[in-house]
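Every chain is named by a letter (A, B, C, D, E and F) in the order it is written, and numbering of its residues begins at 1.
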Amino acid sequence: MTNQVHPPMTAVREVVARALAEDMGPLGDLTAALLPAGVDAVADIVPREAGVLAGRLCATEAFAQVDASVALRWSADDGDPVSVGTPVARVQGPLASILTAERAALNFLGHLSGVATLTRRYVELTTGRWAAIRDTRKTTPGLRALEKAAVRAGGGVNHRGSLSDGILLKDNHLAGTPIDEAVGRARALWPGRPVQVECDTAAEGDEALAARVDLVLLDNMTPEQVAACVKAVDGACLVEVSGGVTLETVEAYAAAGADLIAVGAITHSGPVLDIGLDIGSN
Amino acid sequence: MTNQVHPPMTAVREVVARALAEDMGPLGDLTAALLPAGVDAVADIVPREAGVLAGRLCATEAFAQVDASVALRWSADDGDPVSVGTPVARVQGPLASILTAERAALNFLGHLSGVATLTRRYVELTTGRWAAIRDTRKTTPGLRALEKAAVRAGGGVNHRGSLSDGILLKDNHLAGTPIDEAVGRARALWPGRPVQVECDTAAEGDEALAARVDLVLLDNMTPEQVAACVKAVDGACLVEVSGGVTLETVEAYAAAGADLIAVGAITHSGPVLDIGLDIGSN
Amino acid sequence: MTNQVHPPMTAVREVVARALAEDMGPLGDLTAALLPAGVDAVADIVPREAGVLAGRLCATEAFAQVDASVALRWSADDGDPVSVGTPVARVQGPLASILTAERAALNFLGHLSGVATLTRRYVELTTGRWAAIRDTRKTTPGLRALEKAAVRAGGGVNHRGSLSDGILLKDNHLAGTPIDEAVGRARALWPGRPVQVECDTAAEGDEALAARVDLVLLDNMTPEQVAACVKAVDGACLVEVSGGVTLETVEAYAAAGADLIAVGAITHSGPVLDIGLDIGSN
Amino acid sequence: MTNQVHPPMTAVREVVARALAEDMGPLGDLTAALLPAGVDAVADIVPREAGVLAGRLCATEAFAQVDASVALRWSADDGDPVSVGTPVARVQGPLASILTAERAALNFLGHLSGVATLTRRYVELTTGRWAAIRDTRKTTPGLRALEKAAVRAGGGVNHRGSLSDGILLKDNHLAGTPIDEAVGRARALWPGRPVQVECDTAAEGDEALAARVDLVLLDNMTPEQVAACVKAVDGACLVEVSGGVTLETVEAYAAAGADLIAVGAITHSGPVLDIGLDIGSN
Amino acid sequence: MTNQVHPPMTAVREVVARALAEDMGPLGDLTAALLPAGVDAVADIVPREAGVLAGRLCATEAFAQVDASVALRWSADDGDPVSVGTPVARVQGPLASILTAERAALNFLGHLSGVATLTRRYVELTTGRWAAIRDTRKTTPGLRALEKAAVRAGGGVNHRGSLSDGILLKDNHLAGTPIDEAVGRARALWPGRPVQVECDTAAEGDEALAARVDLVLLDNMTPEQVAACVKAVDGACLVEVSGGVTLETVEAYAAAGADLIAVGAITHSGPVLDIGLDIGSN
Amino acid sequence: MTNQVHPPMTAVREVVARALAEDMGPLGDLTAALLPAGVDAVADIVPREAGVLAGRLCATEAFAQVDASVALRWSADDGDPVSVGTPVARVQGPLASILTAERAALNFLGHLSGVATLTRRYVELTTGRWAAIRDTRKTTPGLRALEKAAVRAGGGVNHRGSLSDGILLKDNHLAGTPIDEAVGRARALWPGRPVQVECDTAAEGDEALAARVDLVLLDNMTPEQVAACVKAVDGACLVEVSGGVTLETVEAYAAAGADLIAVGAITHSGPVLDIGLDIGSN
């Protein structure tokens, strides 16, 4: 396991603090407040369905921010497959604190494992192909760092983290400007950064190729059209496919020879992975 | 149209600022920076699929925070049905600013309209029944205020906004304590607030009823079990159903006579509503 | 002792950080900077007057945020009575750090213990009565979570934590709308939440009762008028009294049979409890 | 009217945003949400008791942050005396927005006008004397900038804004070090800043005087002792009195010839000034 | 003029708010508070030395955040050369507000124009050469977005905005791993992103070239060594030079044929450009 | 070593969090993510040039915020002289974490040690003279607390931390008002605070002296003019010199007898001190 699947702690701390503030409200947990103080508990975090784990750091942080004396012991890491009923972590500490942090912790685990799980499904459908599954900037507002890490945990790779880490020229940016002129301007202003051009037709693809771009983003093409473009590009630059990619079509696009397949759905439309918390006896 | 479907501006401003900071990155929009200054544009925000609109305030705020000179004119309000290809808003201002804010604005619109649209589907399946569709605390971290407003836009109603606005006693809180004792403690400590008890069996439901709770939350029961409980309760308190509610089963639960049907999926597992931006000519 | 008297740590951390930033200023503690480094001290936190303690978590956090090596050992908990001269905590650590954090820590302790102490006085004046003393939303801006916890420490109970956890219809909301119509709308839009109506006259009280509200808030009535209303209500809903409640009148209102007595003064007009810090010898 | 009575806008914006976030909760104003949209109102902000106004900027900001279309027209400024029933401002805008912002705005006005009013009472008791009434660092956590501005509005003057704007040597800082040595160190490290020394006895006062401090802070002395010290100082430095100053004793301390009289109570123990909002007809 | 020289407004607002909070302190501007209210002024922002302007948005924002009624009219844009004594902007508004905001506004203008000016000096020394002057991640903490925009205003280009927008393998990352293996891993995990390798010797440069990196970063080489490497690379990838680049040596490195010359000094060691504010008569 | 050279931890935590957020970007450290997990390293922080250390707390905090398991052991304190090649700290922990935090930590150390080093140079040039070297409010936006601490570490002293801790009347504030009138107003409104007046001519100096100010700030005078003013003042108040002070002229100004010499350059124009990190073997 390398380091690449975890989000930066700097983001984790801030996002978790926000989620807890939101869930505590002005009075805190009215129900947990009814519990007697001094009662400890042991609990297991247990998947209710199979999938891929993501969000460990967030869950740990959620319990810790509610009560530093709550301890977690994980038996699975982000990126690991999980199965129904097999605990992924044991939680130990004051019962009231565990119950108060539970929902926030599970919301992170469920959402991010949902992203990782859907990503993994796409990845598995392209097994044996060259193509990598790549996310987009269509992420849930405020959760980009975490969702992009979950995509990595699922086996996918990341597109731009923000507007400031790559040039992607779309129709609206070109608006009549010849592609090579626009690419030239990008090379001059942002040397050393990849220049990508969105192409809706093979002709545009040729134009982009002639402009020596680093990547052509074939938008809304059929697998056949993609295959033709891949052939035309012939390794001169990366070919990414976007638009119309679903669990049904991804295999065909991968077979068409694309290097990268962009799937917005993995970050914006995946269902949560159902993960629960079972209180045991201490 | 009443005021109830919009989230508070205080939340909108903060969440949008965060989303933009996340999407701008340290350098801002590299691609838009290539555009000549002083070029204005008009654009339309256009649904690519039918659904229910939500997130208007967020989209407006996103454009405004990027560039105060961008103006939006909306032709639909949160809660309105939208159809493929019919614009919901016109955007006017500097082209570079519009393109820079586009993704953040659409991420909000797509996600929140997705919540509203899925909610509406559940609501429509219960038309003619007494039951209201209600959300849960299973929301996306950091977006609760917005998602709960989107649920209202979709025609649903809101469960607890946070742990501090209602008592909900679950198994783990009771842990052997008789329900009436726990309810009594809740009444004493939090008078004037609704006390809800989660019940997994009809027996627990009877016990809760005897303790004069405000609401019994029937968890993971079949529609038949629910119907029996509704009959037993006979209007003495509200009956809410949760667990196992899907688009396939919701009608049966509504037919069983529940007052409220809790659906976690509307906030945590709905796909985005595909909404795009089309640049026109000025 | 149950968990209910402490504010959530998520709020404590943030409020303390703000208070310290405010008190440090851009240079930090000029005077403590004059002290030689490496000098440790032991100090006692000592009430200068009798009252009820509140704010422990804030004081502990204030010392910790200034210097993690400062340790506190408390001999009293929030909600405990304290007496003149009997230390409630011992502080141990670098002298300069203790002196730097002293004022911020004491400002929290003094203010919140002041709230708890005044609350307790009202509570004691209603001993033997059914009525609970309840706070309002008239709290000090930025300190609501802490003040509401201090009210609980003093033996009082909490009204709404925010505008989002309960419906309270006042004159301005009704503005000519019949009470039952307004209540009906509230039931439809916010099912499961308590609906409270402010009533200035017995007639309005009757109207509210007919509308089956959860609570009538009798505003600016005499104890006699309250007694009449309590009789009319006859247990059908909760009766809360507000307006004109002072240390002089609270007993009469309690005697009148109200369930809840709202006292804005406990959060907005209580004097601090004088608590100091005495440096000892190490 | 000079500029000195208003707090910096930078502080106002932040504190108001926090107060509103706290009061909105995750759902916003449930009750105002019931009102029909598009209904405008006019309201007056009206004192229920006489006093001194403070907090105008905060109240204006609170309404504006809730809804930028709400407008306020003030007929009194911070520092002005206000009387029962005479409006200090007219508010105009959407009814729902006015009701939503009302409590937050009034909480600021009430608290800060309370500070200004109590300050003014102390100031008036020293009319004709040389002494100025001065606040302390015993302020409400998070509100220092606003409370210190309210003290100025009341006619008082400000002590240190934070630990970083002046040296104040107390017993605990001296701890056996001769005063002149400590003062010398302060002069060397923080040249150009005032050095103040707290003195509990006339002997200490003499020692401080010999060390050429800028101000002696006479702590817990009787008016007679103060008078003796003032005579001994004979204008060589400022004399400030602290400890035991109340509305009953302030005149005697002023008569004793002190330059400054420190009163912690004006910021930490003043009751709010009762100010309400009356909705009129548009 | 294109859009590329301005920092994102999202960053500007936040950084300016922080700077003002820092400079206002808890009481605000004591000196400006002495001025009579209602006095307006006109002022000019005037360079005291020649250079290149940067920071316009920050200065405008600083005045606006202090007082929205202060207006600025600029006669020069970021990136424009400025000369001694020729105003770059006219400021109009309340005198007290102008004086309060002055230092914060000038601190931004001076610092950022200093960055732009030093960048321009490096750029001018390489006129007629292919090489672009590029910044590094050695920026002033908290100001990266603004400093990188100032570099662009000076005619330079930007290296990585953050650790998340490009792979740069240094000795410490390689630590014995063959370059081609490390590059292969980078290509697999972060496809579509540029892979750069720092090389201290020509041999490492050859190895990197063989691994088909996008850019070799020649660290601490002489111009002669650089020239040799450029020849060896022969256009196969970009060549960047870093280490030991000064105003004295930059020309030689440019002459050696590098594509990019990294200069940490432009963001971390440039003197401010002296810019002042002259109050005129209204 | 006394406590006076360190900035408050409250500021350190916040500034470091901001710097790390800025440097992590939305994805975190792409390059470090390639490293295998579980590899520990030992590294030394080593000056590449001689100077004065500052910023220890920030560097420690930067590593800790990235990964709490990274430990630092310092062999030099803020204010200590450092020499080329002699390590000032040893860092131990996961290799990936050390490399990720490296640049942020070094940016603080380099910048702040640069401030301390330049300050020390000025201080040493005035050895044997009475004058202290003092900073100004011309600091880098967002870093004032840290830079002012670095000035102290370098042996300098601090001017105002913010606009709220002292009165400094400049031409623009006076604008025709006689100095004694302005000073009188300042004494009345802000008693106990130092009143400083900027004087451009000896005549203004005399006027200020007559008004009994605490400090005259001689702006843009020659050493000879300063000497004459010092003689005229004759110890009646402090004399500070500003404007035109450089490493070349500071000695002459000190010889002229000034108490304080203000040097804006130490905070706004000093080059960084080059400090690096060398990874060793564990």
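In this section, a residue touches a chain if its C-beta (ideal position, glycine included) is under 8 Å from a C-beta of that chain, and two chains touch if they have at least 3 such contacts.
Just so it is clear, the structure is predicted and the values come from calculations on it, not from any experiment.
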Considering only chains that satisfy the touch condition with chain C, which of them also satisfy it with chain E? A, B, D, F
So if I look at the partners of chain A and the partners of chain B, which chains show up in both lists? C, D, E, F
Residue numbers at the chain A-chain F contact, same meaning over half shared and different meaning under half, come out as different
Check: interface with higher C-beta contact count, B-F vs C-F, is C-F
Taking mean CA positions as centres, which chain lies farthest from chain F? B
For chain D versus chain F, what separation do you get between their C-alpha means, in angstrom? 32
Where chain D and chain E are represented by their mean Cα positions, the distance between them in whole Å: 43
Compute the distance, rounded to whole Å, between the mean C-alpha positions of chain C and chain D. 22
Got the chain C residues that touch at least 2 other chains? 2, 4, 22, 24-29, 32-35, 100, 144-145, 158, 161-162, 164-166, 189-190, 193
In graph terms, with chains as vertices and touches as edges, which category applies: line, ring, star, complete, or other? complete
List the residues on chain D that touch chain A in their complex, please. 22, 25-26
Contact residues on chain D for chain F in the complex? 2, 4, 132, 134, 152, 157-159, 161-162, 164-166, 189-194, 196, 214-215, 238, 240, 259-260
Under the stated contact criterion, what part of chain D meets chain C in this complex? 15-16, 18-19, 22-35, 58, 95, 99-100, 103-104, 106-108, 110-111, 114, 137-145, 161-173, 175, 182, 185-186, 189-190, 193, 265, 268-272, 279
Using the touch definition from the top, list the residues of chain C that touch chain F in their complex. 17, 20-21, 24-29, 32-37, 65-67, 96, 100
Please output the residues of chain A touching chain F within their complex, sorted ascending. 1-4, 6-11, 14, 144-145, 148-149, 158, 161-162, 165
